[in-house]
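The data blocks that follow each hold one structure.
Below, chain A partners chain B and then partners chain C, in two separate complexes.
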Partner chain A sequence: MRKIREALYRFSVITAAAIGAATLLLLAGWMLAAALPALRASGISFLMSPVWEPTRERFGISAMLLSSIGTALGAVAAASPAALCAALIFGEFCHPAVGRAFFALNRILSGLPSVLYGLIGMTCLVPVIDRKLYPLTAAAGGTGGLAVILILSLMVLPSLVTGYEQTLRAVPQAPQRASAALGATKAQTAFCCILPSIRRSVRLHAGNALRRALGEATAVLLVSGNVVRLPSLFAAQRTLAGTIVLEMGYAAGKHRSALFAIGLFLLLSTALLPSAQGEG
Partner chain B sequence: MRRRKASLLLFLCIPVAASVLGMQIGLLWEAVRRAGHSSWSAALPHFWNQTVNTLLLTCAAVIISLPLAFFCGVWLLRTRHKRCKRMLLHMLSALAGVPSAVYGLFGYLLFGGVCALGYSLLTGALTAALLLLPTTVFLLWDALRRLGDTSLRSALALGAPEGRAVCGVLLPQAGHAIYTAAFLAASRVAAESAALILTAGIGETSARGLRRFLQSGATLSVGMFQSILEGETELAFSAGVLLLLLAALLDALSHGR
Partner chain C sequence: MRRLVAAVLAFFFTACACGGERPLCVVGSSSMGKALRTLAAASPYPIEVQLGGTQQGLAALAEGRADLAACSRALTPADGEVEPTVLALDAIAVVVNDENPFTAIDSDVLRAVYEGEITDWNTLGCTLGRIVVIGRETGSGTRASFENAIGIRKPAHGQELGEDGIVCTAVSSCPRAIGYVSAACEAEGIHPLLLDGSAISQETVQSGTYPLVRPFLLCADGTDERAEAFLVWATGEEGRTLLRSIGLFEPQERQ
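Moving on to the complex of A and B:
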């Protein structure tokens, strides 16, 4: 009985570790196998060509790729400093009760479905952009790069704030006390002592947010306008992840294979970015 | 840095922080206001099915992924192969950032195609379990590491076999962390849409009991996406408010003990 139990334990531990390791390999291998027909048919033009015409079997992702990268970078560049400011102000310079409420709000918001952000963007943000910037938005009616960037940055803000809050709370107290003892004000301590010490963690959290923004499909679909075209702030465009969700329902043959190739590309590019997890 | 310059920078931060808070409150207010316009009496029966689907799928995914994650964490804690451990950590952290649409494609191929489950709640649950695996492993492994291995070592020194020591000593100690991880994972699945559209599908199942798992069924967030595409934004906003309540509930529960 005891021997059986031990064997069972050993089996489950090793199986669990093997599943953890096999998932990534299976994911990459299977996607590659499914993507091969399209990759073989279009070769290097898959990456270089901006023309995506599935009906004529012309698969080029460069327009969507540029749109994905541009919007994700824009969103993180906007959201990361704002989240850091908010975490600093509400964490260090604010009444503790207000700070607690703010961080609780952010924890809840980070559990919201991204579809909701897309919906808010579609019903509130896009019309406002259209009205305020009219002559510029005449072609796409407010959808496009700007709306995507704003929605993505709203979407990654809560998780960034939560991450930065945890980082700030983990900063050791001793250097801060030393800084205060040397006569530095709280503001000086914050900018010269706390912020430089969390630089690495800020970078990692920003990397996580970037991966999330790159991979977001449904929220982006609702505000991007969904035309395959080179990206700009006020023209309809489409991102890589959005294309998968949009076209998977009716794709067949080479077209389906091309969607798997997009998935493989997303998998590789996000796997190579730095990650905040599993450190130390 | 001079005193005045630091204060000035700080004062520049305040409006940014305030606008972050303002935008978030505005977002919540807008969602609640729009949901108030829709007719709830007509919407509620529509949501009942999707809510049941969400709960079933979430529970199944968490139940599948938690034991896997716990044993994976135990392996990471106990293994003597340093290089294997580092490799597994690298793979898991790469997995943690893979977009959910890619998990959806993978689940569609593996569970839907090879295992012949098609579009079904079970396919969705298995895919979501894989999606949760990296984050839950990191959560549990972190918790296990922080517990320290004094009690585990003492149990081993008293002659308990390793399986008994892990399941009898480590598991109860990690109970709190497992509880938290379960609710964090649940809130992630409840909010998921891209992966589930591709695996659980958008159907409206009417089956009862366990047979439900073999049919295609939309969860709340997938249903929300569908109703947006069909132009019923008011309906989508009420689903959004339900999901907001669910997220708040799960967050409160994960801190609750």
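Moving on to the complex of A and C:
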């Protein structure tokens, strides 16, 4: 009886794993097949050219690529220290009840749909940037790299906080007690004992956040201004993911294939980033 | 945005409500979405609406995947042999924020603004500051119609947005902005400009005095009787009344 059960479990686990792997392979293969016509037609200029004019079949993604990388890096650079500090303060320093309330609130935030962030950005953040920084962002009316970075950093913040919270909770207690016994204050313990020990995990969570920021489209579309040009903090620009959402609705032929090529590119770049899978 | 959600819901309900008989399949321009859904909801024939773009609609019709193609621009010889029926006329309104004192603009000035020759409202006689030129993304039918009618070759956009509703929101939150949307799109905090001295009305749109008008066409391949019956209904009194109620205009000749 037990043997049958074990064989059954074994079979279902292997089948599930095989289905998962096959789906992933099929997806990648299908995207590659869909992307090939555009890649073959544009060649290396697909990556190098900043000119994106689908109506004239000129597909160059470098401007959008730089914009995607710039805004995603900027957002994670801004959000990561803030998330780490928040996790430290609410996890280690303050009253446990306050900490629990904060993390509960944080989980709600991480469940908000991205279009909400975009709308908030469009109706609240962009006009404020426009007024305060006038005439820096004048031509774009407040949209541009700065608005995208701010909105993206808000969006990756909740998941970063959750990640760091779990990491901090998994840190062994013994070194901290030893540190306290040596007469170190709580802050000294946090900065000199806890933080160095979680360096690796910080990097992995930042990688996850980067992946999310790179793939985010709906919210970005509403605050980036979407004109294809080399990125700047104060002028409209377009990201890779944004382009897919903006143009997939009516793209046909080579144009559609070029959008798939962008998708393939995003898939590859996120696959290459470090992952926090299975880490505490 | 609320309108978008309502539209999506309406789409699903119409899609689910058509059981039994195979629904008539209309594929095409997303600008015509509201008009098509309004018709589909009241139509005596079950209708399925799929929105993508004018080009996709024509391709679907040619391949037999659609019974009718929805086109939001005039047909060209490259579009092949199809029988177009003018469903309605749509006007494109040039809109500015309510804080903007302008009430009228000429099409040459508009062209200069969109091509970046005029970059400041001060040049036009008011003290708002730098103009935020809002356009639509390449490939948008509204953008193609607008640029053709005004004669814009190389637009210098400050922003490119993906939907009429989003253009309205952007203009309503920026006093220096100027944008163009389908006249059927209404929003608070913005007002349309008189173009070359004429406002959008049934008369100016029909006679062509208002320069920014495009046809909403339904194209058939002449093989489907139910499609013909639907066209007769849609261009009849009931269809016309429905289309008028969502801000579209009647074409000149009646059938």
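Quick note on the criterion: the second predicted complex is superposed on the first by the 265 of 280 C-alpha atoms of A that agree within 3 Å, B and C clash if a C-alpha of one lies under 4 Å from a C-alpha of the other, contacts with A are read in each partner's own complex, and residues count from 1 in each chain.
Please note the rule applied: a residue touches a chain if its C-beta (ideal position, glycine included) is under 8 Å from a C-beta of that chain, and two chains touch if they have at least 3 such contacts.
Predicted, not measured: the structure shown is a model, and the values here were computed from it.
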Touched partner set for A:241, first chain B, second chain C, both or neither: first
More chain A residues in contact - chain B or chain C: B
Touching partner for A:122 - first (chain B), second (chain C), both, neither: both
First, second, both or neither for A:130, with chain B first and chain C second: second
Partner chain in contact with A:61 - chain B first, chain C second, else both or neither: neither
Partner chain in contact with A:151 - chain B first, chain C second, else both or neither: neither
Partner chain(s) touched by A:222 [first = chain B, second = chain C, both, neither]: both
Touching partner for A:250 - first (chain B), second (chain C), both, neither: second
Partner chain(s) touched by A:19 [first = chain B, second = chain C, both, neither]: first
Partner chain(s) touched by A:75 [first = chain B, second = chain C, both, neither]: neither
Footprint overlap on chain A, where chain B in one structure and chain C in the other make contact: 115, 119, 122-123, 222, 245
Residues of chain B that touch chain A when the two form their complex: 1, 3, 6-7, 9-10, 13-14, 16-17, 19-21, 23-25, 27-28, 30-31, 34, 67-72, 74-76, 78-79, 87-106, 108-110, 130, 133-135, 137-138, 161-164, 166-167, 187-188, 190-194, 197-198, 220-221, 224-225, 228, 233, 236-237, 240, 243-244, 247-248, 250-251
Residues of chain A defined as touching chain B within the complex: 2, 5-6, 8-10, 12-17, 19-21, 23-27, 30-31, 34, 81-83, 85-86, 88-90, 93, 102, 104-109, 111-120, 122-124, 154, 157-158, 161, 185, 187-188, 190-192, 208, 211-212, 214-218, 222, 241, 244-245, 248, 259-260, 263, 266-267, 270-273, 275, 277-278
Of all residues in chain C, those that touch chain A in their complex: 1, 30, 51-56, 59, 119, 129-134, 137-140, 157-162, 166, 169-170, 173-174, 176-177
Chain A to chain C touching residues, read off their complex: 53-55, 115, 119, 122-123, 126-127, 130, 134-135, 138-143, 221-222, 225-227, 236, 238, 245-247, 249-252, 255
